[in-house]
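These are the structures, in structure tokens.
Two complexes, one shared chain (chain A), two partners (chain B, chain C).
Moving on, here comes the complex of A and B:
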């Protein structure tokens, strides 16, 4: 058998870089890896935190995946998630009930969709690249969040810039609640949406059209797919999913929105979608892996390894997997 | 008022310096066919190295060499990924950005050289922004008037045909990404030179703004320079107008902060369609 040496070298180089980064900050790598595993999946409390993190990662991962299917890079999931969470917390604060919770989820979805819409329109009708427009929308979204959290939506009773906490009546209910482990319904909601999307993509004409536009826009145009429409609505749907992720974070877990709330989940969504490759169902295990790495490296702060490691890890994983994927694609040609 | 105007104009020149250098880096890379989302990461890596070496050795020359070296190495890694491994250009760029942001954040909290309050030894900012204007002219001449420049355009426009004409697209792209690295290195060193200290994520998305300027400039050096000046102007305006009431209304500082980004977005919506991207952008 012919071994893919080129790709084995790349994997080893990535691993060596991670090793070097750990040594440079004064950690013993095997110890750090062991701690990461224990602190992400080693204890019931660790599982609780990991699954909390998995919810937004799955939502933004699916968001990026949907856009990617239409050949679009949605780098804006971060801003869409933030705007979605702000809309959601505003509604949940105004209507503190189970009905308010439902409305708050809708508000998150709508806000996220609206924040992605300009990128879809600019791409479809003006030819402006979506990567640039979504990055600009991120910065504007973050400035908007900064203003709302420092001013109109700020809880004046608290020193840090945060909104007030929502009423317990608007929480998303727990499915398991045996502390130290607990889990709320939100992860199940996003998982079901992922499965539903996978089925839709495979079985419906619209789903086929979406994949066709992504794979070969010219062929799609000649076979009658409305190229511009697909571009606009797939970008909007992508924003809606990221906004949903923000809403679920607010209602299920955080119960408030504060500065830095989105915590890079939007950017990680790109990695989640990449790692999943071509299969929508694979977004679920991919989000889980990212949650493990994210939770693991977050908790390394407790053994004096500062934040930043997960950026290195996730960035390198994205690159290595994209290289393997590129190899598979060239073999098919 | 004229004093204010002068001040805004001066800070426009200063603030657009890093954008111009990075946009020129993007120009070389994208004209050869490599989409360069990684400008941001290259600038950040260079800024971190400039401060580290400047603080360690006290020599601005070594600091500059270090910054250029770091950005060129990242550029060559980018070239290996996109040209040897055929990794998607946007994905490899985002991956590099995430890794570099993570690594420099990690270093900022652990390396003592990055934590001193004293400013590291780096050449003054004026040196870098003067370079920015000189190099913009040089890049425009190089691309339009020299054989190397024409090869660059040919490879970016139609890699297959240029291969048939005897050019080696992969080799030219390696060179272009090395040049892009040098330019991003200057840009990062300029950003580091303004304070002499390193702060995590101190490039603050300016690599992306530079890329937007490049696109608005239609992948041409002088129009891209003008677009960078425009973004620099909005940034300068932001600094001047912040905290000043307009027509008696106190506007929040976040409104001014989002001004350059909103300007980029609107410009993209209004003008992007008229500009033609290099036809071979992103192709193997």
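Moving on, here comes the complex of A and C:
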């Protein structure tokens, strides 16, 4: 057996770059690594925060993955998540009960789906590129959120632009609640959806056609797949998943919506999906890795390392994995 | 025309040789594309270069303008022997070519297209350029809005712009590949008028075409290639349509006798079908066609005669402008492609890579491509993986496609084996109407014979019917029950008793009839 030298070099090179990045911001790399690990998965409270972050990352990662599988770039998960969370909080505030919680989840899904639908329609029937339309929908969604949070939905009792907090009756229940560790049902919900989607994609005829459209749209057309329908539906489903992410954040964790609520999770979803490559199940570990690095580098701020470092780390990881896969694909020929 | 012909030939004698190719041989791998071909283009003359697909016309022209280097032979331009190493060399020797698919970029203005790659200076003085462009256009009797986007041009406008591009580059030897393919008859007349004018001004014009009426009506001299060999080189006034058709198609062996059968019910009926092509031209014009169960029908014709659009209309991918399609006895209007597949429509696609397979999917996943909604490959909303694996196995076994396991990607198969696989796939699951576009592409003679014999067997045994497009008339004569010819979007059937007459079908293919 010969050693995969290219991969070894790639890994070493990535480590060297991360090392340099850490040195450049004035950290002592071994200490920084140790801190990151301890503060993301080293103790129960750290786990709690990491898994909180993982929920929306998994939802948006899967959202982007679904669209990508059909050959579409959904850059709009950020806006879809935001709009979903607003719809969800509105319902939960109006109906403060467990039933209200279920409705609020549905509201988040529907709002996210509706926010992606125009991009699907424009792509399918007018040929407008989904990257452009989803970016534009992001801006509209953010402007809408700004207005709602500053006006109609604002909690007048507070200084900041935030909605009122939802009633405890509408919280998503915890499955484990032994502080400092606790975890609610939402991560399990999204994980089950991911597994279900993976099965559907591999085993169902519609899943086959979805992949076919993404792989070779011309062959899909000649094979009787309804290209336009698949485009519209996959974009809509993608938005629905991002909207679900927003709803779960509201109902499980944040219990309110405020300015900047979406926090870049929608854009991180792009990275999560890219890192997962071709496998839907891989979105789960990919989202976990993103959560670890994000949580870990958030904590590094406490030892005077700039928070922006997580972007550098994640970027490097994505590039290295892409290079691995490029190697694999050239081996086929 | 007669008087004109005489005048032309007189002038031809007196004008000089612009380009001369002497004993050109060009080999691609095992294929000899050109075998000792000589060719002369004279100033003041419109020269036709004719032949079937694959006869070597385009290869010869690419040698002339420097894009291909021949293994043997010499090129001389304006009396001097030259060495052409690239198309750029050709341009510097004032050779220009307009290819069949225009190189007009729709997003640029007409002026930008005109100058593209031949801009006068680094800083473009628009007004000066427009005035020179207008000068050229006026000389040809054209008029252009130079600042308008090229996407606004009609096919004939685009063709005119291509000609002006040659003039802008001071081309003196102009090669036009199938220049009338996209044009209406009136526009074609006008085009040849312009070409005549250019010839009168001293240009050497070479028109690559398969349309004999054009050759006879507008050209001075004709060169015929067949299978890479020079068949004839003579003034148009000394030949006629019948002779040219025979030179182009050649004498083939007579059709072998195929197994007898009784044609049954009508499975596909295309009536007065008109379909618009990509460029908005009527690619299929009032076509009629009937397929009965049991029969394999050949659709002869040169590439681009409307076969592609006919297939897409039958598949439900292009909406007809008018006319009707009856599939298995039911009107197919507004029936979705997937419904048509359910009714038994099958396709062996023209472009396997683009239309028929996903290269990095396994053979197993590729086996159900296009058939994914049919039972037993589907069971409820789910894929039946066992059935699909069996089906993939059958698809590789039918024509003994060599493979390393059905879980390996399609790209692990050679081109010929991929073709065996996709051909088998179309025959194995309850076919009723099989559309086959060059089903034997990339196969050797034995492989091709196997595919055709299985195709006939399937049609006879399962009461299906097949329509086979091939650019090789001999193949159709040998393997199909009867042949119809497609030319310029129209389908013509030979008279009864002559269904497989090489001569008559050849004439229909090149519109000599």
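Just so it is clear, the second predicted complex is superposed on the first by the 314 of 333 C-alpha atoms of A that agree within 3 Å, B and C clash if a C-alpha of one lies under 4 Å from a C-alpha of the other, contacts with A are read in each partner's own complex, and residues count from 1 in each chain.
Definition applied: a contact is a pair of C-beta atoms (placed from the backbone, for glycine too) under 8 Å apart; a residue touches a chain by one contact, two chains touch by 3 or more.
Please read all numbers here as calculations on a predicted model, not as lab measurements.
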Checklist entry - Does chain A have more residues touched by chain B or by chain C? => result B
Item to check | chain B versus chain C as contact partner of A:193, first or second or both or neither | outcome: neither
Checklist entry - Is A:203 in contact with chain B, with chain C, with both, or with neither (first, second, both, neither)? => result second
Checklist entry - Touching A:215, do we find chain B (first), chain C (second), both, or neither? => result second
Checklist entry - Looking at the overlay, does A:165 come into contact with chain B only (first), chain C only (second), both, or neither? => result neither
Next on the checklist: Which partner chains sit in contact with A:223 here, chain B, chain C, both or neither? Use first/second/both/neither.
Outcome noted: second
Item to check | Which of chain B and chain C A:6 touches, first, second, both or neither | outcome: first
Next on the checklist: According to the stated criteria, A:281 is in contact with first (chain B), second (chain C), both, or neither; which is it?
Outcome noted: neither
Checklist entry - Which of the two partners, first being chain B and second being chain C, lies in contact with A:106: first, second, both, or neither? => result neither
Next on the checklist: Output the chain A positions appearing in both contact lists, the one against chain B and the one against chain C.
Outcome noted: none
Checklist entry - Contact residues on chain B for chain A in the complex? => result 37, 81, 84-88, 90-92, 94-107, 109-111, 200, 205, 208, 211-212, 215, 252, 254-255, 257-258, 261-262, 264-265, 268-270, 272-273
Next on the checklist: Going by the contact rule set out above, which residues of chain C touch chain A in the complex?
Outcome noted: 315, 317, 336-341, 347, 349, 354-358, 360-361, 365, 368-370, 372-373, 378, 381-383, 385, 409, 411-412
Item to check | Of chain A, residues touching chain B in the complex | outcome: 6-7, 10, 17, 21, 24-26, 73, 75, 118, 121-122, 125-129, 131-133, 135-137, 139-140, 143-144, 146-147, 150-151, 267, 270-271, 274, 306-316, 318-319, 322-323, 326-327, 330
Checklist outcome for this item: Interface with chain C, chain A side, in the complex: residues 203-206, 208-209, 212, 215-216, 218-219, 221-226, 329, 332-333
